[in-house]
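These notes concern the structure reproduced below.
The chains carry the letters A, B, C, D and E, assigned in the order they are written, with residues numbered from 1 in each.
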Amino acid sequence: MLKVEAIDVFYGNIHALKGVSLEVNKGEIVTLIGANGAGKTTLLKTISGLLKPKSGDIVYEGASIAGKAAQTIVKHGISHVPEGRRVFANMTVEENLELGAFLRKDKDGIQQDFAKVFQLFPRLEERRKQLAGTLSGGEQQMLAIGRALMARPKLLLLDEPSMGLAPLLVKTIFRIIEEINESGTTILLVEQNAHMALSIADRAYVIESGRVVLSGAASELQASEQVKQAYLGGH
Amino acid sequence: MATWKRTRGFWVSIILAFAFFAVVQWLITSGTLNIFYVNTLFFMAINVILAASLHLIIGITGQFSIGHAGFFAVGAYASAIMTMKLQLPFAVGVVAAGVAAMLAGLIIGVPSLRLKGDYLAIATLGFGEIVRIVLLNIDYVGGASGMTVTHMTTWPWVFACLLITIMVIANFTNSTHGRACISIREDEIAADAMGINTTYYKVAAFAIGSFFAGIAGALYAHHFYIIQPSNFGFLKSFDILIFVVLGGLGSLSGAVVAAVLLTIVSTFLQNYPETRMIIYSIVLILVMLYRPTGLMGTKELSSLFKWRKAAQGGMNHGGKNTVA
Amino acid sequence: MELIQQLVNGISLGSIYALIALGYTMVYGIVRLINFAHGDVFMIGSFVGFYAVTMLGVGFFPALLLAMAACAVLGVVIERIAYKPLRNATRIAVLITAIGVSLLIEYVMIYLRGAQPEAYPGTLLPKQNLELFGVVISSQSLFILGTSLVLMILLQFIVHRTKIGKAMRAVSHDAEAARLMGINVDNTISATFAIGSALAGAAGVIFGIYYTKIDPLMGILPGLKAFVAAVLGGIGIIPGAMVGGLLLGVIESLVSGLGYSLWRDGVAFIILILILIFRPAGLFGKNVREKV
Amino acid sequence: MAARTPLLKAEGVGIQFGGLKALSGVTMELYQGELVGLIGPNGAGKTTLFNLLTGVYVPTDGRIMLDGETLNGLPPYKITRKGISRTFQNIRLFGELSVLDNVKVAYHAHARHSIASSILRLPSHFRGEKEMEEKAIEFLKIFQLDGIMHEKAKNLPYGQQRRLEIARALAAQPKVLLLDEPAAGMNPQETKELMNLIAFIRERFALTILLIEHDMSLVMGICERIYVLDHGQLIAHGTPEQVRSNPKVIEAYLGEEVS
Amino acid sequence: GCGGNQQGGSSGGGGGGGDVIKIGANLELSGGVASYGQSIAEGVELAFEEINKEGINGKKLELVKVDNKSEAAEATNGAIKLISQDKVAAIIGSATSTNTLAQVQIANDNKVPIITPSGTSETVTVKDGKVNEFVFRTCFIDPFQGTVAAKFALDDLKVKSAAILIDSASDYSKGLAASFKETFTAGGGQIVAEEAYVAKDTDFRATLTSIKSANPEFLFLPGYYEEVGLIVKQARELGLNVPIMGGDGWDSPKLIELAGKDALNNTYITNHYSSGDPDPKIQEFVKAFQAKYNKAPDAFNALGYDTVYFLADAIKRAGSADPVKIKDALAQTKDLQLVTGTFTVDQNHNPVKSAIILEYKDGQQQFKTKVNP
């Protein structure tokens, strides 16, 4: 479904991604783990069009999307839940969700998706008219995910959805990610919480200083000594 | 020994500065430099002092002040009152200019404690206009028609003021006090949490900055024969702001270089009276488009000579806590 | 009676400020740019209207529309050429560019036609003086007040109720996140400039009709006053700009009326600073403490 | 133990934001040398409590005392000088300043040379600056940041920024150190390293530490006592074992089973 | 060359050698009062064109303009540049008194004459009772017009009470008001209101409302047409229908457009000349101006034009481009017939010329009386 082929990305002189390749198949949950500053966020931003690769290609459903504008890529069915939630603080929960469906014209479909999001996150329905900036961190994370779902994505890019969340919420979020996946959305998940991520993912990539250093089935990686040492806190 | 190493850069610059002084003085006395160049040089120096003084407030402390012409005006009038009305020597005028402007700086420093960003900008702009309007309404200083002032500004005066300004501002910046100001610019809440008395340093920056703007006012008043409130309006404040930003916000050498270059550009453009302002504005736009961080960016000239290792200045580009 | 007359004077003056401030605050609120060239777009609007009337011989409404259209285009062009390349620069850098653009517009205009003023034909809008208990109210000032009010409501509606308005607000909070929603940030900002500048153009024509005199530097002071009004009301808050403008007008009229016309701007600024000290985010701005 | 007086004490503190009662009646005591955890769901008021303790917000009720002295209403910089310093949940470094200068800023309060001495470049200026520099470098060494001390802070990777924040807070020479989610965004391995670092600095500087964290491995691993906040109120407090098995905490925060 | 000053000669400038005499013009081409400076420039350029058809003493005049941005400091800079770089023989000074004052010292020190077309303040030519040797002007000084206006109000209009509304940013306006007030009160009149505005204002309703409530029989409004036009219009709108009078600053075809014909009825000005005057000299000027610029001239145009002829006459008489000789010749100007009147330079370097009073009727200036100094 998505194929990243040897992309190089720079911030000015900083070479953030060095020939990264990866693949996401339809229906999968693929996770990307790696230390701070490894380049995970950079990779997601490049896929969703916020950054442009200097070389390499990104192929989505058979067509190249590398270097296209973010707003075009959303249209193709890729939604990105950015790091740090980035909800529109001075707008209400409802308006945030409406913006998620910005490109859509099908009123009925949008209404259905509202219902679907509220079903996934009943808390958001309670807070419909509240300003997003006043939500708690977990609620904002739910909103960010809900907002991305409103675009009816085929591929959902999630950047550290569990960051800064209470353990209870972390569990909730991961449960929801699985639910979303089960209802047919392919997921590319970036996580620091490698335990959790590997336990729900089908496949995983390990990225280090801008390079993919390991990949394989999630269960394999979870068992790998190397991964344990570097990312799972030893034992 | 160690101290010599640290201060080497400082003393070398001082010696170079005095050499420059002597050469210019000789050129002037010998008549090699005609009044046109002398005049341009003085104007340049006044602009440099203004730029450096605003640099301390905006570039270092991050307080978005666009009423700098107000301090300039206070200095100009205070010195003119001393010399013209009270018949006191020029030296008294210069000191009075600095002190009066500094007091004004303290006054405007106070709202700065509560206001941020654009709101502070508007308040300082308002302050500058208030100064102008007050002067406009005081008949003692000539109201709208202004005050004629005898020419007293000489090269030794100009040089001394310029040198002291640059020295004080550079030394202040490159010390723990300057770092305290920069930390306020970067993140006021964190600065406060690290034990910096933000109130004190914001007001101090306004006070020092306005002191030197006042000094520039004294030199200006006694060089240009007449001072008039309309010459100190918000457009003048913008001119000074342009020096600071065009040079590179946070870079003292940038502010100095920009003030020098723009004075030259402006003098040169006198040959094109009809298109002068058009060319000037295009230069302004192009420089900003091609060098959005200003001519010097956040670097100092001295860093080119590797006298100092760490970059001091510069604005945070994120914008959340920066001015404007 | 005189007091009431002064209030009426102040409200008509304030409506003009408000009219300019509306477009100002809109651009300001969305793009966070102090668009110092706004006053000059206003001036261009005024001249476009003038030339439309005197050279093309059209009436009020076509002239108004023409001015608005020309200014909308001008606004978009300015944004694309001078501001867009600076999206990632500091706001103060853009402010300097804006000052540059402002000077450029003024002096190109002076270069093209000189600095001398032009007089608007007085016959464009019917004009009547209503006398109520000795207070003279001109029909034109009622018209201006009405126009400002309608435009304010319209703008408020656009920004808060329409899709493009939502996109504008989203862009103003977080442009990158807005892109992820599928919003075309460049087009949204252009739309903002187009609307804001069209308002400035409309204000220019109305100003010309009301005050007759227009000249290439006419935008500087009203531009500054509109900026003050916008900040006074709270940056980006549309009704705030309206109230800020009216308040400024009334203060100025009352001070002038008391015989201190030379202190007028001084008093206005003192009141402005006082208001800001007590309400650091303007009259309508919420003084949100930064969440740490 | 009961006889000891607490070093830092919050007595029934509360604060209101508009209509929202973000904290109410929170009482908490920290004794010299302790390492205490503060946990609770998102929006429970943990960061807000930090803000009250450091003077960023002024409590609407209650009292905050350090060493028996009331801190209410003091501006943040004075509280820092009295001995409480902190890190921030959203990193707030001085981005354009170098790593070294970030730490030096925190030393400022202890600098003895005046503005005048700096302007005139008197010997006291050089002495003061030299002393600051030496101390700052010493700290950076502890945090292994000395190799990059001339980098601008904003150019550091996230993990180093977090460490620098802690180093900076320590440089203010506090008695009490408040850490707000120091492990956020770190992977389990990095978290483990951080745990060791915190334990180390506590010993080395005889610090009292209050720590907010969502990572239970860290909190349960190093904290001696834990306070739990929910909806602005303390709902539990005790040793990690007590808190872990407290049904209220499980319901509000941990979720059913916890490892 | 006959001037004795080759290029780069004495430090006092010299107007260049060879076949041209360089004349500087230090004008407000940009900034706050750009419209005055530009109007002067138009008059000046027209005059240069005419004179250069024949030349003076076999030489042509070359105009070197500088823009002083309506700022005093830039006016000083401009004067220095004209004298030291361009080495002009004389400078046509700035439009406002202040900007001219900023050049006086430079002119005296470097011995280059300077003539301001419209700087009316007495202090321009006389400082502390001493004449500024190198400074001249083409326009009236303030007191004269104010006195004439006051006499006209008392004797012809027979009013007893007057209000004054001045442009506080202008020496000219203040000077006229002061002399008007003195003469008017000395003649038994009473000033019932004194108000002020600042140039570039557009809304005067508040001030006019308070003037109206003081019930004056007459309004003295010394100012420039840009504001005056609006003031007269707004005054009439507010029902202030008393006679209004001003000085030469009103004189511009724009005034009629700005105020409107009806509002201008019952208003009077003192002026140097009337563009409707059948005098051939005046008509030639009006025609030439109309031909070049496609508009009718205003007072600044006329003064700029006259300044050049004033200077040209002196150069001719001096027979030299030497600035000091030109200065001497300027001081000796006698009965010189120009557009804005026939004048003689007095010992204070002020032109002595007669004034006329004009009335606006349906948008036309009508000659009322002529007053000799």
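Methods note: contacts are C-beta pairs under 8 Å (C-beta built on N, C-alpha and C of every residue); 3 or more make two chains touch, one makes a residue touch a chain.
Owing to the predicted nature of the structure, the values given are computational and were not obtained by experimental measurement.
Any chain bridging subunit B and subunit E, meaning touching each of them, is among C; the list is complete. The chain pair B-D and the chain pair A-C differ in C-beta contact count, and the higher one is B-D.
The chain with its C-alpha centre at the largest distance from the centre of subunit C is D. Averaging Cα coordinates per chain places subunit C and subunit D 47 Å apart. Mean C-alpha positions place subunit A and subunit D at a centre distance of 31 Å. Note: centroid distance subunit D to subunit E, computed from Cα atoms, is 73 Å.
If you average the CA atoms of subunit C and of subunit E, the two centres end up 36 Å from each other. The residues of subunit B that reach two or more other chains are 136, 189, 274, 277, 315, listed in rising order. Touching two or more other chains at once are residues 56, 88-89, 92 of subunit D.
You'll find the chains touch as A-C, A-D, B-C, B-D, B-E, C-D, C-E.
Remark: subunit D residues 17, 47, 51, 56-57, 88-89, 92 touch subunit C in the complex.
Residues 20, 39-43, 89, 157-159, 181, 184-192, 214, 216-217, 252-255, 258 of subunit D touch subunit A in their complex.
Partner subunit B is touched in their complex by these residues of subunit D: 54, 56, 75-77, 80-81, 85-86, 88, 92-98, 100-101, 104-109, 111, 113, 115, 118-121, 123, 125-126, 128-130, 132, 150, 152, 154, 168-169, 172. In the complex of the two chains, the subunit B residues touching subunit E come out as 34-36, 39-40, 43, 136, 143-146, 148, 151, 220, 223-228, 230-231, 267, 270, 273-274, 276-277. Within the complex, the subunit B residues that touch subunit D are 2-3, 6-7, 10, 167-168, 171-172, 175-180, 182-183, 186-187, 189-199, 204, 250, 298, 309-316, 318.
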